[in-house]
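Each of the next two complexes has chain A plus one other chain: chain B in the first, chain C in the second.
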Partner chain A sequence: MSSSEALSNSHAPKATSGERALSLYVCLILLFLALPIFIVVPLAFSSDASLSFPPHGFSFRWFVNMVNRQEFLRAAGLSAMLAVVATICSLIVGSLAAVGLVRYHFPGRDTLLMVFMTPLIFPAIVLGAGLALMFSPLGLLRNFWGLLLAHMVVTFPYCLRTSLATLHEVDKALEEAAYTLGANRWRTFRHVTLPLMRPGLLAGATFSLIISFDEFTITMFLAGPGLMTLPLEMYNYTEFSLDPTIAAISTVLLIITSIAIVIIEKLVGLGKQFS
Partner chain B sequence: MSTPAGAPTRALDGLPPRRIDYGRLFSLLMLLAPAALLLAVGLLWPFLTMLRMSFLDRYPDPSALTLEYYTLVLGDPYFLRIIGRTFSLALVVTVITAVLAYPVAWFLARSRSRYKHLVFLAVISPLMVSIIVRSIGWTIVLGNEGLINALLHGLGLIDGPLQLMQSFWSVVLGMVHILIPFMVLSIASVLGKIDPSYAEAAYVMGANPVRTFLKVTLPLSVQGIASGSVIVFCLTIGAYVTPVMLGRGKVLVMAMGIFEQMVVTVDWPTGAAVAMVLTMGTMLVLIAYGLFLRRYSRR
Partner chain C sequence: MNGSINASASMGGATIGAARVDLDSVKKWYGPVLAVRGVSLSIEPGEMVCFLGPSGCGKTTTLRMIAGLETPDEGEIRIGGEAVNRLPPWKRNVGMVFQNYALFPHMTVAENIAFGLNMRGTSGSEVRAKVEAAMAQVRLADYGDRRPSQLSGGQRQRIALARAIVTRPNVLLLDEPLAALDKKLREQMQVEIKQLQRAVGITTVFVTHDQEEALTLADRIVVMEEGRIVQIGAPSDVYERPKSRFVSDFIGYTNAVSGKVEAITAGRARVSTASGHAFEVPAGEGISAGDRVDLVIRPEKVVVDPANTDGLMVLDGTLVHTVYTGAVTYSHVDIGAGDVLIAMSPNAHGEAATAPGGRLRIGLRPDTMLMFPSRG
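Coming up: the complex of A and B.
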């Protein structure tokens, strides 16, 4: 028996106290992560007029209030529209760039990739203020197209990253085969590469939709009366009244997010997109 | 078939062509141009607009370039306090996040648990929950009528509510909650690549588990901690929503200062100068990280 086998055998059968402590610790961290997220659910059904815990009674009135307030519905519509259009545009731009970065070798490729990822760490508050300064003489403030550009910038790195990850797994031989059989570069991309990239594109689309739908800091500089996204409208509401209406909206959003997570997990495996 | 069999293979393999293949170059440019254009218009242009604004003597109708607003910002105790608070917040959040995240990353990289996949999902799922929802959640936990105060009151430990919101530490808590997944992912990806036989070797040679961890595994995983720290630090110094919603006006950070100057008092050059100080902070961290990586890979 080799030494490493002996080692792993001595560890394997019984969970050591260290391993049990680690599992307990991980459970505590998961509890910490889940706590502020799931605590909004019971409060959504509270009959109290404030966000007090525990709720003193049960009622649906905050859901009724949510539906009756036109501004939330309108804002949700704009957010959804913005998220969908920004995602489609970012996916196109991101997948094209991914093909360029993976299938072609050229000097400065790694640097270019880093540059393409900068929106991930560039301070959102600076980008938002900068876009506002740039847009105001162009008349793009409080304008859908201005918002779209901003949302494309922040969602693009996610689309690029997931596209890159799947493209690395697509067998180059398949593209070569299409090419040798007489398909030109565009037809090869359209009929071979693109269909094979589908899992990555799906994952990218999910992330992009969520990032855009939740975007707050940049949007706050560019939106305004008549053009409000849901996070902004929710924030505005909490400025004036901290009642469970906001918990009701949060609960609806949580349900939608959970469904999205389950779908993407079933379709492509969320874990794969990160490792 | 008109295309010779060798040419496309070389084109796709990315082998250096014997002469410049203009068709290939053209398609490469076409592939990268939309992304380059997007970042030029949507990131570089606003950044340069901001940079220029920070040097203008007044706006509108600028007549000269000046450093006046930088000296104003860096000489004003009000702004200095905000800058100091922002960077100490980022530092504290980075350290706490790294310490809390490391064991979770270790679990994800090493454990043979059946629930590993589920744990992974549970760690990254909060990334998909709106930051507004999470701030509301913390309000419910920490508020005067919130969970913790209700618990303490129920146990008879306090009479009146404890003021848990509106403090530096409530903002730290909110930021740590948001950023833990990023740190776990960074560290786990590096830990996963370390060959366990290094640690086993140290163990066989007689090092106890603590020594093995400190002398072998930890140094090998420093790169993951470093890249995670860069992300966490950069995202914290630019954060707006959490300090506003958990600090409730009591914890002023640079992002709020920028918003005040740009939108409330409409003093654009001052706001731009604060924004540039923030951006320089981000850049310094990135440069330090780059230097660290170079030194580290040389060893």
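Coming up: the complex of A and C.
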């Protein structure tokens, strides 16, 4: 059943059958999206030495293997470091840029906004190759700072976007009230605008952390021996040994991400960022 | 009175911000729109001035230029004699109350009031003392820990007022601060604002498009039309001696008959109307014999069925309809040829007896009529 059929059916006065079809359709999509999870998690607890599904026995051996392998811990450390620092930098630059873009009307404003957003739609492979070519003469290739810059390029649009969304909600009169009360631009931003942008900043941080931690394509061009992020290290590992260690790592990441999303959802309502 | 701000508690002792404010040929463009077309005005220290005018006439824009939230394209603004055109709002020491109060939603009431003091680097204990005094002054002493969202409209209004004056600004600017309140609360707040303004002696500019509010509050009213000042004067001046048909219509009822000037002799013009009446009214400047004019009179100056007709010009007419407002009744009387005059009569002895369609006599003093050139 196609989506357009299901949607048009739902307009009928007694759309019960159409609505049922739509629900089924949505469920199938969700199932499809979640399918890897249903396979990965059981695999992580498999006692088999290979990635065979369904697993033949239960064990924690792949979690033990994960912890025992230095490269995974090191890579996880680098990934976490990159994600956190890139997120903080992107949030600072993103929130300030949002204020500039929303509150001040200057020529080239729309163009600038588009330029900021391009990493969202630009093919990552092109971006990665381009950055590698640019960083190479600057000595930023296979270098932490180069990696950080690259991660900022991809996380910044998310921070900017969520900042823009909440900033539109902040009444300009509040900032003007702060001005008349003696607060200059910076103090107004610090004491009025920024606190009111908190929901957007938290949402931006969530996206940014996940995007950075997950980043593969661009990182591949810039990373190197001794400078491997977790996704790269996992990919490397699968080239030589296809055992459930990867599933174990994925499961841990899944749990951490779920907890983070639940916390953020409780704090600010992540769903609002998409409406 | 029960609902009044504690005006006797002065803001910590000293009188505050009685600065003079001057506007000198101030102009402001928004793109191609000339929003303010050369406004010149001097506001005396401690005076309360109301900007009054229809929507879009440039009241808010002018106020925002005084605050520093907009920059004039031409002309000069001086506060306390000092040119402030290039001074950002945070250096002007003005207090402003916004139409929707603009209280900081992420701060408590006390934090809101303390904001301006904190920005000035006032010490912690002094801030606490002043915030408490300000909250007491607007009778919300126990509300310090609340969020603005937990307050009623009138309470928010008071907090916004307290926040604006606690820093002892040179000028207090209010942009339709009562527009969001219901009539009863609005009238009560008018009294409170006036008392507070008197008590602290602060130079105040108040924007409104409510003529009654302007008449009640202002020491002087500045009537604006399409970005220009059309008249400045005390409330009674503006009401009794409007300089133009626009001002007379904007402040009070429109109550006019049109006619033609027959002759002008000894400072009096003889105006004949289509209804066959001849009014002898004071001659105005720039009007000569033969001109088409409108004669305007306030409804309260037209008497219904006068008992004593000494010095009155008596007109016979037909009652078209009546508007009963409780305290007074407005009678619309056709005096012939479709000329309608409105007469106001107090309902001292119950409702008026005449039914619409009935004959009615009205009396007026032609002296109290104002003559303006006919429009169009």
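Everything below uses one rule, namely that the second predicted complex is superposed on the first by the 258 of 275 C-alpha atoms of A that agree within 3 Å, B and C clash if a C-alpha of one lies under 4 Å from a C-alpha of the other, contacts with A are read in each partner's own complex, and residues count from 1 in each chain.
The rule is short, and it goes like this: a contact is a pair of C-beta atoms (placed from the backbone, for glycine too) under 8 Å apart; a residue touches a chain by one contact, two chains touch by 3 or more.
Predicted, not measured: the structure shown is a model, and the values here were computed from it.
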Partner chain(s) touched by A:179 [first = chain B, second = chain C, both, neither]: both
Contacts of A:195 with chain B and chain C, given as first, second, both or neither: second
First, second, both or neither for A:171, with chain B first and chain C second: second
Which of chain B and chain C A:187 touches, first, second, both or neither: second
Partner with the higher number of touched chain A residues, chain C or chain B: B
Chain B versus chain C as contact partner of A:70, first or second or both or neither: neither
Residues on chain A lying within both footprints (that of chain B and that of chain C): 176, 179-182
Residue ranges of chain A touching chain C (in the complex, touch as defined): 171, 173-174, 176-184, 187, 191-192, 195-196
Chain C residues touching chain A - in the complex, by the definition given at the top: 67-69, 88-90, 92-96, 98, 100, 102-106, 115-116, 119-120, 163-164, 167, 173
For the chain A and chain B complex, residues of the former touching the latter: 3-4, 7, 12, 18-19, 22-23, 25-26, 29-30, 32-40, 43, 50-54, 92-94, 96-97, 99-101, 103-106, 112, 115-116, 118-127, 129-134, 149-150, 152-153, 156, 160, 172, 175-176, 179-182, 185, 210, 213-214, 216-217, 220-221, 231, 234-235, 238, 242, 246-247, 250, 253-254, 257, 260-261, 265, 270-271, 274-275
Chain A partner contacts - residues on chain B that touch it in the complex: 1-3, 5, 8-9, 11-14, 16, 23-24, 27-28, 30-32, 34-35, 38-39, 41-43, 45-47, 49-50, 53, 100, 103-104, 106-107, 111-113, 117, 119-126, 128-134, 136-141, 143, 145-147, 150, 177, 180-181, 185, 189, 192, 197, 200, 203-204, 209, 230-231, 234-235, 237-238, 240-241, 245, 254-255, 258-259, 262-263, 268, 271-272, 275, 278-279, 282, 286
